[in-house]
Amino acid sequence: MRLAALAVAVLSFVSLPRQDPPSKKVIALKGAKIYTVSGAAIDAGTILINGRQITAVGKDIAIPDGATVIDCAGKVVIPGLVDVCSTLYVGESDAPGAPEQDAYDAFDPFNETWKEVVAAGVTTVYVNPPNRGVANGLGVIVRLTGTTDPAKLAARRAAALKFTLGVGAADSSAPQQRYQDYRTIKSMFEGAKLYRETSDKYQKELAEYEVKKKQWDEQQKQPKIDPPKTDPPKTDPPKADPARLTEEPKKPRKPAADRRNEALARALDPANPLLVRIEAHTTDSIEYALKLAEEFKLKLVIEQGTEASRMADVLAKAKVPVLVGPVVIYGLKRVEYLGHSTESAALLAKAGVEVAIGMFPTTRAGHGGPSSSRFLLEAAAIAASKGLTREQALKAITIDAAKLLGIQASVGSLEAGKRADIVILNGEPFDAATRVDRVIVDGETQYERK
Amino acid sequence: MKYLAFAVLLLAPQAQGDVIAIKGGKFLTVANGDLEDAVILIQNGKISKIGKDVTIPAGAKVIELPKGSVVTPGFIDAHSYLASAFEVEESTESVTPDVKAIEAFSSDHPDVRAALSSGVTMVAIAPGSGNLVGGRMGVLRLNGRRYDQMIVKDAAATKLSFSNEALRSDREPTSRQGAMTLLRRLLKTKPIDGIVFLHAAAADDIQRAIEIATSFKLRAVLVHADGAGEAIDAIKAARLPVAFGPIFASDKREKLEAPGKLAKAGISIAFVSDAPATSESQLRLAAAIAMKHGLDRDTALRALTMAPAEMLGLSDRVGSLEAGKDADLVIYSGDPLSLTSDVETVIVEGRISFQKPKK
Amino acid sequence: MRLLVIACAVLAPILPAEKVSSPGPWTLDAALVIKAKRVITVSGADITDGIVLIVDGKIKAVGKDIAIPDGATIIEAAVVMPGLVNASSSYGLPNRANEEAREVTPDARAIDDCDGGSGEFKRAVQTGVTTAYVGPGDRNVIGGLGAAVKTAGGKLPSRIISSDVALKAAFGPSPSRGNYSPRSFAPTNFYARRPTTRMGVTWECRKAFIEAKKYRDDKEANDDGKEILLRVLDKKLVLRVSASRATDIEAVLKIVEEFGFDIMLEEADEAYRHIEALARRKIPVLYRASFQTRTIYSRDGSEERFTTFADLVKAGVKTALLPTGDAESEGLLATATFTVKYGAAPAEALRAITLTPAELLGIANRVGSIEAGKDADLVLLNGDPLHITTRVERVLVDGKVVFGKPLAEY
Amino acid sequence: MRFIILVLLAVSSVVPPSGAKDDVVVIKAGRIITVSGEEIQNGVIVIRDGKIDAVGANIEVPWDAKVIDAGKRVVMPGFIESHSFRGVDSANENVPSVPFVSTFDSIAPALPYFEDSLRQGITSIFVVPGNWTMIGGQGCVVRPVGITAEKMTIIKNHALKLSLQPPQGVSRMAHIAAIRKELDEMVEYLRTLDEQKQVKVAAGGSSKTPEIELKRETMARLLQGKTPAFVYCPTASDVLKAIELSKQYKFRMKLVLGRDTWKAAADIAKEKIEVILPPDMVFWETDEEKHEETLRVLPSIFAKAGVTFAFQTDNGTLGSSYLWYQAATAVKYGLPRADALKAVTLNAARALDLQDRFGSIEKGRDANLLILTGDPLDAQTWVDQVVIEGKVVYERDKDEKLKRVLGK
């Protein structure tokens, strides 16, 4: 069943075997100041890496002999950065979108821009399908390991289902259009609800049919128990054995698979709901998004949320996280960015809203392409200057970002068992003169400053 | 609490001759290094004294800065269309030498307030690069007062454009060969005196700009110079300063490494915003990105203060914290080149023009 | 493995040769020696197992047994020939390489429009072209001045061999294409330029020269444009005219009759119809073939003969070959190879892409052949240049290896 | 008016096939390039009923054979154009999915393309729908001789053309989703068909698969592995997507490559897929970062990766409108001469799954032969005669158009 196939692809990432087979490649980073992000910072600590995993982080860890030791005295080590919205490998396009479109199909695995982005310490990014319109489709989580095999590059397919609410094609997005977008998404989900019901009904009928079929087969094997009577019975016809089947059960007709409704239906699955990301800028768009989440019990995350800080309390109460960005925008502001301010992340965090910072390098915000993701650290610094502490800013682009992508079990902080995504800096993360010395992704060095 | 009192004091109309003293924090003077626990005295809109052993006269109003604060000269943007976008090109013909760009400036535009609050105290408004000879650039001080009181120089320099934006199919010149011939003919008959800003982005545009600058002995400044990385030796030979920018986050690495290379070759560089292409508040981001690609710290700070002042011929009045200069200065919460610090207070001509609201 | 970093030494100062005998660091004053089984001098006979000695970027000596100074770097190759000369190129120029404000712009210089760092130069070098003429397009009746430049070795200003090589004029349909006659509306927009017919084009050309003559008599204000036209009238500057159809070539011959200046014909697809007239007036031709068998008649009706080059040379017309296009398979060497296939003598075809164009550009004292005293612009190949299977191994400009790519890197 | 002259000239240069079907023809030549085996000096080829009966150095010449003595000249198998849409006047439908159409219905015998191909030594051409239609339809293998399309046709409907080139304004994702939708529908259609068959069989009916709707017949043959797909991939990521689709929907395919696909050479080699290189197989690539121009040579890259490929031509540029020129250029950049010749003969036939009929001089193959004045890769060589299925169909000294162009 197609739905199952997609689900398996999802689980394969999370349920990764905790301990990779101990390969001979053991690396030890010694003597650095370590911002684990999940716990307190460790001065002159050590990190042990075995294969793709971090095996130990701490003050004085015994380094097994034969391990290659990298001396990080005087250096600062932070987790690999996570960009909650980038356009690496897929770029942008104005073609119309649809729920079943998959960013995985838009991959160009040979695009080399990832090298500049990983050189700045970004090791994991989320990518939306590059199109325009209300329903955009399924996003993908990408690990910057430099592989050109699309299957390995896409660490998790169908990571979220993206919608855009209230962003007009032209440079205007009137209130009616925002209401219209809300109605469109609502009707899509209603259709998906029906689709789920019919497929559930089919499953139930199929199960019943199986039972009846087994019973019918048994019946066929038994000899006829009541031979036909010679004289026409005057009494009413012999009482039929209630359990006995009168005719062969019919196999229920399997409903035709429809990729569009399947994608939508997974967001309505109470057991393991597919994350829904709605890009909303104005306060009324955000309200429509919350209304949708409430009506269909969606697992909702707001993207960009330019004016979200004006309704921070409502978002906090509804426990709906916000992926803040683009912190840096250029040129004349388009209508959806008129309320843009670099204080948004700080105000939301203060009101208790779960926040992460993404680069969102869209041309609508004046960015020329995916290479902007190499300045994720700068974007977090600017957000910090308006009220976030440095720790909050660093978390917003590591563990908090990983949490809102649902991959905090594997990346986002320096803890034993997590993937070995490590950035070695020659100074404090947000200081002016700090440069990236080395970036390790999945235990392999992807960048080293000459 | 102390801050509140201090703010009320300064806003009151000042009698001529009152002395204000700023103490504590760190002063980045740009002219002669950084000063710790020193004092600045301000009188009649000018810096009267600055130094470690400056005694504060009686009756002076003293400002004690919180620990970690940093004071810098006001930032200067040497090439911008702040609050005058789309009005700065007289496109009926390509040569309009007498047009004044600052006449397109509207002082009540919200961007002006945003620029001031981000620590930029002086801006040069330029004509667009759509004309071969764009016209006169003017310099304004963002002191929050009336338009005519903001004018520092109404014709500080002339703007020429070597980019293909100046070529149109429906008027002369339509090609670069036509543009160069027209320009040579013009400069032969009517030489331009004073400073000339040459808009040139690509490497071969820079080559042509240098050729015109040297053959007609212009006091020239190269603007944008994205492709400067490839023409370092030619720029060095012609000893032309470079007003570099605007820098976008998605620019090629080659362009981002150009400031570092120019600085190593001893060429004076300034960062420009080309507002509204990038906002004035992103001048600091441009400096931070350039430092990430090989530019040293001192040149980065100079590129926001003294270098643009020299390019506009105002280095005697602004660009550094020195006695006798105009009292344009900005107080930051920390190192201004580290993006986590923010502007706390902006003082222009000895008066507070912006104060960060305390929440 | 990440993309193999291609060590294509496009602008590497020196690439160690396969069989370098003296590994000493190569300094400018040390000598460079090229040893080749066949040296094609073009000015003289081929030399088998010849040696070319290069010092300070110039050819010092060429011959069979030249003394090799010690410390000289030696590069060996199967064949060495002079650097190719492209007598009419648009390297580095935008696709509308004319100042279209007016129909006659004699003082416009195409070199101002030229981007020295453009990829087109770098590609030309890799196919063996070391010198190229960069001139105005054919959108104006009189387009302006063209220059001869080297295709590699530093920034454009330092690569100019001679700046005002010829004044460009264009006959045929292109100067009038896209112009609208002002009858239907007042000439508000630009395109109401006068020539809308071939007659109009001829008239514009004649008018320009007549006005130049009038200007000669009373020069109140200096006019650079007219000064250049006077230099053409006084035969101090050659007029290079592009014309492809027979009728256009006739119009050009009439203009030459009337004003008597030196001209050079460019493109000249149907030159075979006027071979006798061209030979009599000694008008050189820059011939651009297309060798398309598919359509006998091309769009503007001109009909091509593949043997035109061979016939022009037989009749004594000084003819240079231009590349048929800018794809890799349309370079000067491929064009020369096809010209030999259609009847030209191999030596004539090789001269038509080296010495003849150098002579027509007036720079034969510097480039075009392997002779002592000339610039060391050389092409080293692994076989006969007129075989498609032969590859350009190295290219030298002013004695420096500007291109060298071993076979393994393709 | 001009068009008619053109036709007359085109036709007159073609020698009408002579003689009855079952005569015996023998060709003697100084050098025979068999492509599949060693070259034969002063060899003999015996042709019976249009097929090669024997080839070798000292073969006894049958008494009743008509002998063509090529003297010192060279004989080799005819060139094969394995992918061209220049044999039809317009090669793209504006409806994205038209698997049921075939180029056989729009072959235009009088097009100068066929006459030029014959002059150049091409003996068989695979005419296909264009690269701008998602599912373009079936191709048609023709010989460049014949008055009508029927006479030209060797195989009427051959292979199915797919293109991963998204049309204007459609994103790559939407294009791939559309292809998946078509294939899904086909799989669903076949599944229901199969179910109906099982129901009938269960009920004792005949086990013959029910009639497939004419419209879906080609797609059915594709998914049943009876015919390969020719998939046009403009970029390297398309190649990976094509491999993914062919595995998921289990169909055989050959790849028609665009320029940028060299990055996926290793992936193609792993899957052992035959490919057809683009006409501009040697092209300049600009490196924005280092400001360098690199000449990208696809034959060398794909040969090193171990991929079998065939060449293609176009009429845009001088050199790449000739198959011999493409082979010579490949040799210039390091491809061995034998492999270069294979790419225009045997490999091209293999791409069409017709290597048992064309592409080499061996017993049993069709007698499609060229008699050349010299080595095929030498520019000075002319095609003197072309033999198709044992009959001489072109002679250079009777080629009026060539004489006119050479001013004779």
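In this document, chain identifiers A, B, C and D correspond to the written order of the chains, with residue numbering beginning at 1 in each.
Convention: a residue touches a chain if its C-beta (ideal position, glycine included) is under 8 Å from a C-beta of that chain, and two chains touch if they have at least 3 such contacts.
This one's a predicted model, so the numbers in the text were calculated from it and none came from an experiment.
Chains touching both subunit A and subunit C: B, D. The greatest number of inter-chain C-beta pairs in contact is found between C-D. Taking the mean Cα position of each chain as its centre, A sits at the greatest distance from subunit C.
Measuring from the averaged C-alpha position of subunit B to that of subunit D gives a distance of 65 Å. Distance between subunit B and subunit C, defined via averaged C-alpha coordinates, is recorded as 48 Å.
Subunit C and subunit D, compared by their mean Cα positions, are separated by 39 Å. Shown for subunit C are the residues in touch with two or more other chains, namely 3, 117. Residue positions of subunit D touching 2 or more other chains: 263, 291.
Chain contacts in this assembly follow no simple pattern; the graph is neither a line, a ring, a star nor complete. Chain pairs recorded as touching, per the definition above, are A-B, A-D, B-C, B-D, C-D. Listed in rising order, the residues of subunit B touching subunit A in the complex are 85, 246, 248-253, 276-279, 282, 285, 288-289, 291-292, 297, 300, 333, 335, 337-342.
Note for the complex: subunit D touches subunit B at residues 288-289, 291. The residues of subunit D lying in touch with subunit A in their complex are 169-174, 176-177, 180-181, 184, 188, 235-237, 240-241, 244, 260, 263-264. Those residues of subunit B that touch subunit D in the complex are listed here as 230, 252-254. Across the interface of their complex, subunit C is touched by residues 164, 169-181, 185, 202-204, 207-208, 211, 230-231, 234 of subunit B.
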